[in-house]
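Shared between the two complexes below is chain A, which has chain B as its partner in the first and chain C in the second.
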Partner chain A sequence: MLLGTIVYAIINSVILILMSIGFNLTFGISGISNFAYGAFYILAAFVTWMLLNLLGFPYVLSILISIVFTAVIGALMYRFVLMRVRGQVLSEVIATFGIGLAILEFFRYLGFVGVEYALPVFIDESFMIGNVYVDMQRILIVLSSIVLVILLWLFVHYTSLGLAFRGIAQDERTALTFGMDSDRIATLSVSLGAGLAAIAATVIIPLGTISVSQGYDVLINALAVSIIGGLGSTGGVIVASLLVGFAQRFTDTYIGSHWTMIVSLLALLIVLVIKPSGLYGKQKELEERI
Partner chain B sequence: MKKCICFLSVVLVFAFVLTSPFMTAYAADPIVIGVPTSTGFVEGKEGLAVVEMAVADINAAGGVKVGSENRMFKVESIDIRDAAPGVPVPEALMGIEKLILEKKPAALLIGPFRSEALLAAMDILTKYKVPLLGTIAMTPASEGKIKKEPDKYKYVFRTCLNAVYLVKYLVGTMSFINKEFGFNKVYIMHQDVAWARATADGMVKRYFEKAGWTVVGQESYPTGASDFSSALMKARSSGAQVILPIFDMPQSGTLVKQWKSMKVPALLAGFISPLAGPGAWKTFDKKIGGAVNCNFELGSAIASAKVPQSVEFLKAYEKKFGKPMEAGHGPGPTYESVYILKEAIERAGTLDPDSLVAEIQKTDRTGVMGRIKFDDGHQAVFGMDPKEAAVACVFQWNDKGERVNVFPEAIADAQIQLPAGLKAAK
Partner chain C sequence: MKKRKERIDRGIKVRSEDIFALTSWREMLYLSAPRLIPAIVFLVLPLVLEPYWQRVLLSVAIFALLAISWDILAQSGMVSLGQALFFGVGAYCSGIMNHYFGISPFFAIPAAAIAGGVICTVLLLPVLRLRGVYFAMVTLIIPLMIERVIEATKIFGGTEGISGLSVIPSKWLELYILMAALLAALFGFRRLMDSDYGLVLKGIKDNDRSVMNAGINIYWFKIEALFIASAVGAFAGAMMTHVYRFVGMPVFALDYSILPIAAVMVGGSGSFAGAVLGAFILVPLSEALRALGGLRIVFYGVFLVIFVVGLPEGIFHFISRKYQQFERWAEVEK
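Take a look at the complex of A and B:
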């Protein structure tokens, strides 16, 4: 039981990392809390489904198109909505939440409800780790997450655009004096965040079926993990995901499954009371309040 | 000249009166059927679809005879979202009240998903005197309220089965499994909502403990949970021979996939909403052979050749909407509820709610679920023979992607088979 719990706790944690990294990256670079993040996750899933089942596209092509499409929608959202309210935090939250709500409820209105809305797994096999069976899809989630984190690290450290992202994140005004266009960078960061949500959707959704309400769950998980880890800190997201993921699985196994859902919210509460900026957060003004 | 002016004036007055709104309204006043339910979930979505299908058929045949005139039905729906996780009950009640006040329905169909919402809505229905033929929420507590205060809560009926009847069907299934295969170790996994808790607890107290089964574990999951690995590992390590799942949330599809991928050597027998309809075969990559599922009513995504109306109903649905029905709870009784309402209106000759309620209580019709009558708790009576009562339908997926009816015996086409890889205990 212990080995199985640890294995699935790692998988659970990685799923949380994948779900949260896009949200956290967008905030870290541009300071925008993208509350449409969960909607982008579901949008990518449904677009993939439509391309695969209605238009008969190959699965891999459907995934690639949906990732690009979702990233473009993210960019358009910034360009035509968020740019006008940039800097007004509450307006950004309300605008993105409204857009997210509209996207999710539009799918519900169109009748995208039912068991037929599901994505196939990439490889339908199970493997033994010790005495625990783990399906290949979950192993792929772990592998893709590792690859994604490495690629992101390389991107922000060794590409000019990635360095521009870091520059804007560190000090926007100084970055502006170096000729970095903050609106362009913000557009790209929101777009990248949306694209990461799409990547997360295409590897995680095949574990079950596509459900509109998952969009809200993804947003809550991403928000909780990002706040616990520290908004803007990728390392914080990874550590927080591991903490929450392990806590959830061990609670499920040794205490009771009905307590699992409150674990992340309880962790959030504790962090907000003790260290409001999160484990690796740098928002000093939050620290000074306690 | 004076006569001419007089004549023209009379013609103009008549023309005004005949084309004025109140005259137009009186001539074509439809009977409004309200449908307040969670239309964003498959049971609500397909339930609303069958209401529209039944209404279209009734209207095409001339409508409903109310006294001496024929009137058409008209459907007004509202998504009360009570099935979504985190939606508070007062939000759902606001939706019901809004529908009643704005659309003034003669009756409501389907109703809330969550029993908590239904129990709270009963007072609203009493306040506005609007009959409800509920077809989703399953708590027996509503019947208790009706029996305790029949005059106050007489407006509430339930056409679908309740948790008590569901327990009876599951007991029948488990008894067969025990007798045929010698299985007596069960792991129960259920959703943390009233109907599922009541069903799970009912199974433990009324059957498993008395029949000598060992309940090796029981887990409840909040709506929205999507990882069942811990329970499945516990089921395997404790030697469970049967897993009894009780879920209506869409995320429970993950349980089916995990059951297969983790190769848990136990028979899956219970109710998982995503397994109910024919689409499950493709959704779960054709790997659900052997799973046993109880659709709550015959006609809800499952039919029996022994009840021809159920077959005709599903064919008509697929023809009208272009795809098969997937919801294993709700559409069958919802379809019947439209006709129950129609017949009650015609017998009463009026839309007066108290008269309607009295006539609904006298219902005795045979339809897609079998024979429908209400008991003194305003609950449709369910049994084992469709000639005597309404029936649910337990079926098993075979390896060819077919759903084979296995219980009750009156509509069974075969017996439960053990899937490949599982051995009988005797």
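Take a look at the complex of A and C:
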């Protein structure tokens, strides 16, 4: 049982990493709150489902279209809503949360609730690690998130666009003097974050059904992981997801499944009280507390 | 001939400054109308409405109290995304006092307000030093956690809650107690914020280090502001418990955190009248839209976004500006 718990804990952590990199990109690296993240996740899943089942497109094509569609919606959300309240964190949070709420409840209203709303797995096989069954979809999740994290790290640290993402968060005016158009870069950042949410949804959703309340859970998990790891640091996201993922799985097996969410919230609370910037956060101590 | 838009104080406003307000009835009416109208409206409405809308008025008053509580914190620089904490703690305190100790509502409600205030302040004491978004996030998380802890440990009735609490004897009494509390909170806290004490609180919001430099202990002021706000929120929760005679996990729901923020966004922050106005608009709106079912929350989200983006100052400031100043085109002088 211990081996099984450890294996599923690793997979749970990797799922958390995948859910959080998009949020970390916009909130941590570019400093733009995007609380409609959970809604984009579910939006991508439903668009894929609709293209697959209502229009009969091939699976790969519907995935690609839904990723691009979510990225475009993210860009539009920035241009028409976020751009006007840029810099006032509370208004950004409320505006994006309102949009996320509207999208999620719209799907619930249209009746997209039920067991038939599920996406098919990519390859339907299982593996044996030790004496634990692990299905191929979960292995795919691990592989794709390793690839995505490496790509993201390279992008943010070595390409000029990635460095621009970090620049507009650190000091916007200096970035402007360097010729980086802050609005254009912020649009790209929000749409990339939304696209990453779509990719995460594509890979993770086949494990279960698409449920609207999962949207809120995704947002809370992504927020918790980003803050515990420290906003803006990819290494922090990895370490934090490992911590939270292991804590969740072990609580689930040994204590009881009611307590799993409490564990992640408690971890978040402890980190916020002791070291608000998170484990690898780069924000100076002076700015976070008096 | 180039023209520019010019905004000038109205004549009646200038004529009614200071002691000159006493020169004629018109000036006195100009000054007193904005204060008297909410007072008269809130005192007369319970008499003319039918029972269903009286219930809605009760909800309006409770959410207005929550919105005022949020505004007190916001004007002291602490933005809280979790008013449900104050509401829920007050509701549970009152429910527990009534159910397990048999105290009558007349004593349980004030006691729950004060006890709720103390408990919430003590809970948030460790995070009082955090600034900005971190404090907001902690206040968001604590109600979620308490909700799940109650569900997991099943204390205080667990998921079913405590029901069958005693009721306030007369329907008119509960309505008018709430109206009186609302008006007292509105006008009382207005006076408080305009005084020197409120000046210190607003200073803490603007630049806390300078206030510290002036030799004022900001932690003590923050604790007091937190206590006042949470006592008001707990009072609202305790009233709600005795109106509906039930308290359970839903008192920590996200709804009670978001609606006060939405009310203040719509009505305008910075003056408690905006909070009350926002609640007065939003709660009946959400009741009237109840027929639409799930679409109601969609409307809500869109409504909220439109207000935050399009009219960020809020309705109250807009009206107040129109009441006090007028605009005209003027020539640009060379």
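Quick notes on this structure:
Here, the second predicted complex is superposed on the first by the 280 of 290 C-alpha atoms of A that agree within 3 Å, B and C clash if a C-alpha of one lies under 4 Å from a C-alpha of the other, contacts with A are read in each partner's own complex, and residues count from 1 in each chain.
Here, a contact is a pair of C-beta atoms (placed from the backbone, for glycine too) under 8 Å apart; a residue touches a chain by one contact, two chains touch by 3 or more.
Only a predicted model underlies this, so the values are computations on that prediction, with no experimental measurement involved.
Of the two partner chains placed by the overlay, only chain B lies in contact with A:132; chain C stays clear of it. Contact with neither chain B nor chain C is seen for A:76 once the two complexes are overlaid on the shared chain. Of the two partner chains placed by superposition, only chain B is touched by A:114; chain C is not. Of the two partner chains placed by the overlay, neither chain B nor chain C lies in contact with A:65.
In the overlay built on the shared chain, the residue A:256 is in contact with chain B and with chain C. In the superposition on chain A, no contact is made by A:149 with either chain B or chain C. Of the two partner chains placed by the overlay, only chain C lies in contact with A:101; chain B stays clear of it.
When both complexes are overlaid on chain A, the residue A:163 reaches neither chain B nor chain C. Chain A residues 108, 256, 258, 261 lie at the interface with chain B in one structure and with chain C in the other.
Here chain B touches chain A in the complex through residues 40-42, 45, 79, 84-86, 192, 219-222, 224-227, 229-231, 233-234, 237, 250-251, 253-254, 257-258, 261-263, 273-274, 277, 279-280, 282-285, 287, 323, 326, going by the rule given at the top.
Residues 79, 81, 126-127, 129-134, 136-138, 141-142, 144-145, 148-149, 151-152, 208-209, 212, 218, 261-262, 265, 293-295, 297-298, 300-305, 308-309, 312 of chain C touch chain A in their complex. Contacts from chain A toward chain B in the complex involve residues 1, 4-5, 8, 12, 108, 111, 113-116, 118, 120-121, 124, 126, 132-135, 137, 207-209, 211-214, 216-217, 248-249, 252-253, 256-258, 260-261. The touching residues of chain A, counted against chain C in their complex, run 81, 84-85, 89-91, 93-95, 97-103, 105-106, 108-109, 220, 223, 227, 256, 258-259, 261-262, 265-266, 268-269, 272-273, 276, 287-290.
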